[in-house]
Amino acid sequence: MTTTTAEDLTTTRPPTQSTLAVRGEHQPGHARPAVLLMAPFLILYVLFIIGPSLYMFVMSFFDTSLVQSGLGPFAGFRNFGDALGNPAFWASMWHTIWFTILTTPPLVVLAFVFALLADRVRRGRWFYRLAFFLPYILPSAVVALIWIWLYTPELGLLGRVVTALGFPEPSWLGNPNLAMWSIAVTTLWWTLGFNFVLYLAGLQDIPRDLYEAASIDGAGPWQQIRRITIPMLARTTSLVVVLQVIASLKVFDQMYIMTSGGPNFSTRPVLEYVYDVGFTDFRVGYAAAVSTLFFILVLAVSAVWVVLTRRQEQGF
Amino acid sequence: MNGPISRRTLFRGALAGIGAAALGGCSSPVGAGLANTPLDPGTVEYWNLFGGGDGVRMQQMQDGYRKANPNTPLQAVTLAWGNPYYTKLSLATVGAKPPNVAVSHLTRMKTLQEADLLQELHPEDLARHGMSAEMFNKRAWDAGLVNGKIYAIPLDTHPFVLFYNTKICGQAGLLDGAGNLKPIKGPDAFLDALTRVQKVTGQYGATHGINADTATPWRLFQTMYSQLGGQVLADNGTKVVLDDAKAKQVLDYLRTLTVEKKLMPGSIDYQGAIALFASGASGFHLNGEWEISTFQTAKMPFSMTLVPNIFGGQYAVQADSHTLILPRRGDQTRAQLDLSLGFIKSLLDQSMTWAEGGHVPAWLPFAQSDAYKKLTPQSNYAAAADAAVYDQPGWYSGSGSNFEIVMGSAIGGVEAGQLTPEAAITQIRSQLTALAGTPSPV
Amino acid sequence: MTTVTDTQPQHSAPTVTREAIDRRMKLFNAVCAGVLLAFALLWLVPIAWTVDTALKPNAETTNPTWAIKDPTFASFRTLFAQGDIWNWYASSFIISTVTAAATVLTASMAAFALSRMRFRFRWVVFWFILIGIMIPQQVLIVAQFKEIAALHLLNTYWAVILPQIPLAIAVFIFKQFFDGVPRDLDEAARVDGAGFFRTYWRVVMPLSRPVVAAVAIFTFVWSWNNLLWPLLVLTNPKLMTIPVGLATVQGTYGIRYADTMAGAILGALPLVILFLFFQRRIVEGIAGTGLKG
């Protein structure tokens, strides 16, 4: 082992000091190349993530306009007060949460069931992976177009199936009570594959001899699932649930394209509310306040998850 | 999978492709996307929001322009109507790549102008293309001026009108000798007319969209409320001057027609209201004149006229105008300006095509011609253009705006029997006060 | 873990029960296979119907049957003739490729420094980047828009690319992987006189192909599918990406479901091809990293 002075990124001077220092111990020659290596990421990171986060927070205290430069007049906490006192804000918050409630359980449970079934199938596993995962890689716009067509009144495939069974055709996207369910079904079809793949990987990590031992002890398939599979997949499940909840909270695309938040705003999620007030009404200061409130919601959900998984891990 | 080699090749191929695309397209979209160069100078890029029959007619007019100007490429883009359209138009202008020419409702153009998104149009430039103030409908032209400056060229006025089924109204004894609807005046006369029609149809007297449609209830309300001389907003939208007594009078009347006497269905959407009229389940239909194409296609016996003067004041009817605007841009050259104005003039010259779609032309050389007078039923309601009441200005007002949504939801709620007139007025007042108290973001 | 075990004779139950259980197991597996097949086919119905519709002439799309009387590629030809789809492809390809390449490069360089180098404030930097994982980009749209507008980058590809590059989670995925790469190898390289950058580029990166592929594919797909942000900053139809164009621009009027479905297919095609090529990598990538768009 040799030591080095002023290490350069491009020169190939012989190293003159150990590069494998003990964790935490810092070495003077490392600072400059480290900064150079990290600089491209950090500059963009500060410019486009950290900067805007702070800017959003500051802007939420001003009446900033989309079409004028600068922050505009100071508003104090009025934007927050306006948002919290505005039924449209609460409605959009609720739609986001309602969508999350509607989509998370089926997306987790069905993905688990399908993965469980696929794990027992010997042949053609690639086919199931293709069938369930293919929709996931489609752009939201494509998914929305496909489902708008399936839901089209009179001509859509779904309406025809329903009428062929002798029921009146519902207005899938036109009925305010049904539209969110229709969007949830679309989302289930679209994103199930992701959770399916996570579960499939989790299942493959369960040692086969556990099942062998259980079946020797006379445990049937149901008992094996209940006593082995579900407990062994606890970590995967918590990962799937948190990723799913956070992804569902960020919903925007499906509503924007399929219903524009309608009918009568019955499906407008909070991100579309931000879009509407910020980019249609030009009120970016207010939109920043709404974004900040939404950010707090997402952080709260993440915090709940951290607490829950801590407890879970201690329980093991 | 063939391992790293194929991936690397793929990556290199992609890079080479990008390089070639960037080199090959200095004034192409790729050049604009990478190096921010201007997009296709020398073409006219035109945005509109026309769907349905209007869309078909606008395409005919665009084709007319292309035929007359084979050397000027015209790129027309149609975007979804209402707020999404204005959002896109504003963002594109803020983003320095707006279209050369765009359609805007007259009531939305004021906000665009205040946001400094529009180019001022100078009379001498317009004169070069044969356009001047006195050649346009005065009401539409004046409504488009801001501090006396020109920012928009009106293409039409599109009033709220009364469609009537000539066969049903004939059976109800409402037509004169020439087969036209006899004048209806006053609340009782209109109620009586609807009752007589209902006896013929067995279902409804009139229909208009209510469910999931905030614009139509607002248009009907505004028509009657303006006949009483009422105003909703003042001082550029910073004050709510709703006259509770007049508003209640109108809402009570609407409630009578729907909830109490069931002369109009109180819970029906836009398409359903059209379908009931087209199928003869109602003899009257209240809507914008643009639905003329729908009923012509349905080959039903119908005509159109002014919405009656129900409340007897000076005649007034809710309306808006489609105007043509030039979004502000940094790279405007005189040649490009002339291309844009030439395109606008070409659309005005094709006012006949546009009028066939129901709109009242704002271009007087056509509006005063015999050709237009002979065009029926369109010319029946031409007078509406001179009695047009536009939504009062305000940053949150105009066609398809938050203002119309607030008003329309409450009015529709009364017609559906979900709100009392008093509750509707309270709801309107509280929601509008919140909007009026919000500092204008433009 | 794929340990195969013997039957552990000391615990073995009477053979009769064993066989009964095996038979039950077989039946159960057969039922499982049947149910799964039914669902998988159901999942493919929307895609099949899309392809079916796209191959019909527009007028025939009102016909409810799967059979196509007069199959045609006319809808695809219409879309290609209209021209904008080529511009959308160009936008999407350039934006996604540059984003993926730049994300892999910047994130792996930063992760290398965090994993291999000992400098002051290393943990501060680490935590500083950790914050980024908690910030959903969607809440930043308002502030990012004002910023991009001030930089005069609206309606350029850079407006989409630049904010997509600093993906904090990518740094962590790389760091996790690098921490597992044996240090003897870069140690040896450094003894041979290689600088940090050479070690990173010549030793560690070639050993990290699986994670490079996973991050590259994911950022590519995520960037290709992104809607909200490019919807805001690319407002001229000639500059739009495929999803934004499909979601925004309305074409000609009348019944044109076949054209719409053809557009959907064209919008998805590059990704479907990518998926068929890299299916295993993508699936392993998800399982290994839990990446989600």
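We just call them A, B and C in the order they show up, numbering each chain from 1.
By definition in this document, a contact is a pair of C-beta atoms (placed from the backbone, for glycine too) under 8 Å apart; a residue touches a chain by one contact, two chains touch by 3 or more.
Only a predicted model underlies this, so the values are computations on that prediction, with no experimental measurement involved.
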Quiz item: What's the chain with its C-alpha centre farthest out from subunit C?
Solution: B
Exercise. Report which of B-C and A-B is connected by more C-beta pairs in contact.
Key: B-C
Quiz item: Distance-wise, how many Å sit between the C-alpha centres of subunit A and subunit C, to the nearest whole number?
Solution: 13
Self-check item: Rounded Å distance between subunit A and subunit B, as computed from the means of their C-alpha atoms
Solution: 39
Quiz prompt | Junction residues of subunit B - those touching two or more other chains | solution = 80, 91, 94
Exercise. Two or more other chains in contact with one residue: find those residues in subunit C.
Key: 232
Practice problem: Provide the list of subunit A residues touching at least two other chains, using ranges where the numbers run on. | Solution: 66, 275, 279, 284
Quiz prompt | In the complex with subunit C, residue positions of subunit A that touch it | solution = 2, 7-15, 19-21, 24-27, 30-31, 33-35, 37-38, 40-42, 44-45, 47-53, 55-56, 59, 64, 66, 69, 114, 116-118, 120-121, 126-135, 137-142, 144-147, 149-150, 152, 155, 157, 160, 189, 192, 194, 197-198, 200-201, 205-209, 212-213, 215-218, 220-221, 239, 243, 246-247, 250, 252-253, 256-257, 271, 274-275, 278-279, 284, 287-288, 291-292, 294-295, 298-299, 302
Quiz item: Which residues, counting only subunit C, touch subunit B once they are in their complex?
Solution: 87, 90-91, 93-94, 97-98, 101, 149, 152-158, 209, 213, 232-233, 235-239, 248-253, 277-278, 280-281
Self-check item: subunit B to subunit C touching residues, read off their complex
Solution: 1, 4, 7, 11, 14-15, 17-18, 21, 29-30, 32-36, 39-40, 51-52, 55-56, 59, 77-80, 88, 91-92, 94-98
Exercise. Using the touch rule from the top, collect the residues of subunit B that touch subunit A in their complex.
Key: 80, 83-84, 86-87, 90-91, 94, 115-117, 211-212, 214, 269, 395-396, 402, 409, 434, 438-439, 441-442
Exercise. Flag every residue of subunit C that touches subunit A in the complex, lowest number first.
Key: 1-5, 7-8, 11-13, 17-18, 21-22, 24-25, 28-29, 32-33, 35-36, 39-41, 43-47, 49-50, 53, 61-62, 64, 105-107, 109-110, 112-114, 116-120, 122, 125, 128-129, 131-132, 134-147, 150, 162-163, 165-166, 168, 171, 183, 186-187, 190-191, 193-198, 200, 221, 224-225, 227-228, 231-232, 242-244, 246-247, 257, 260-261, 263-264, 267-268, 271-272, 274-275, 279, 282-284, 286-288, 290, 292-293
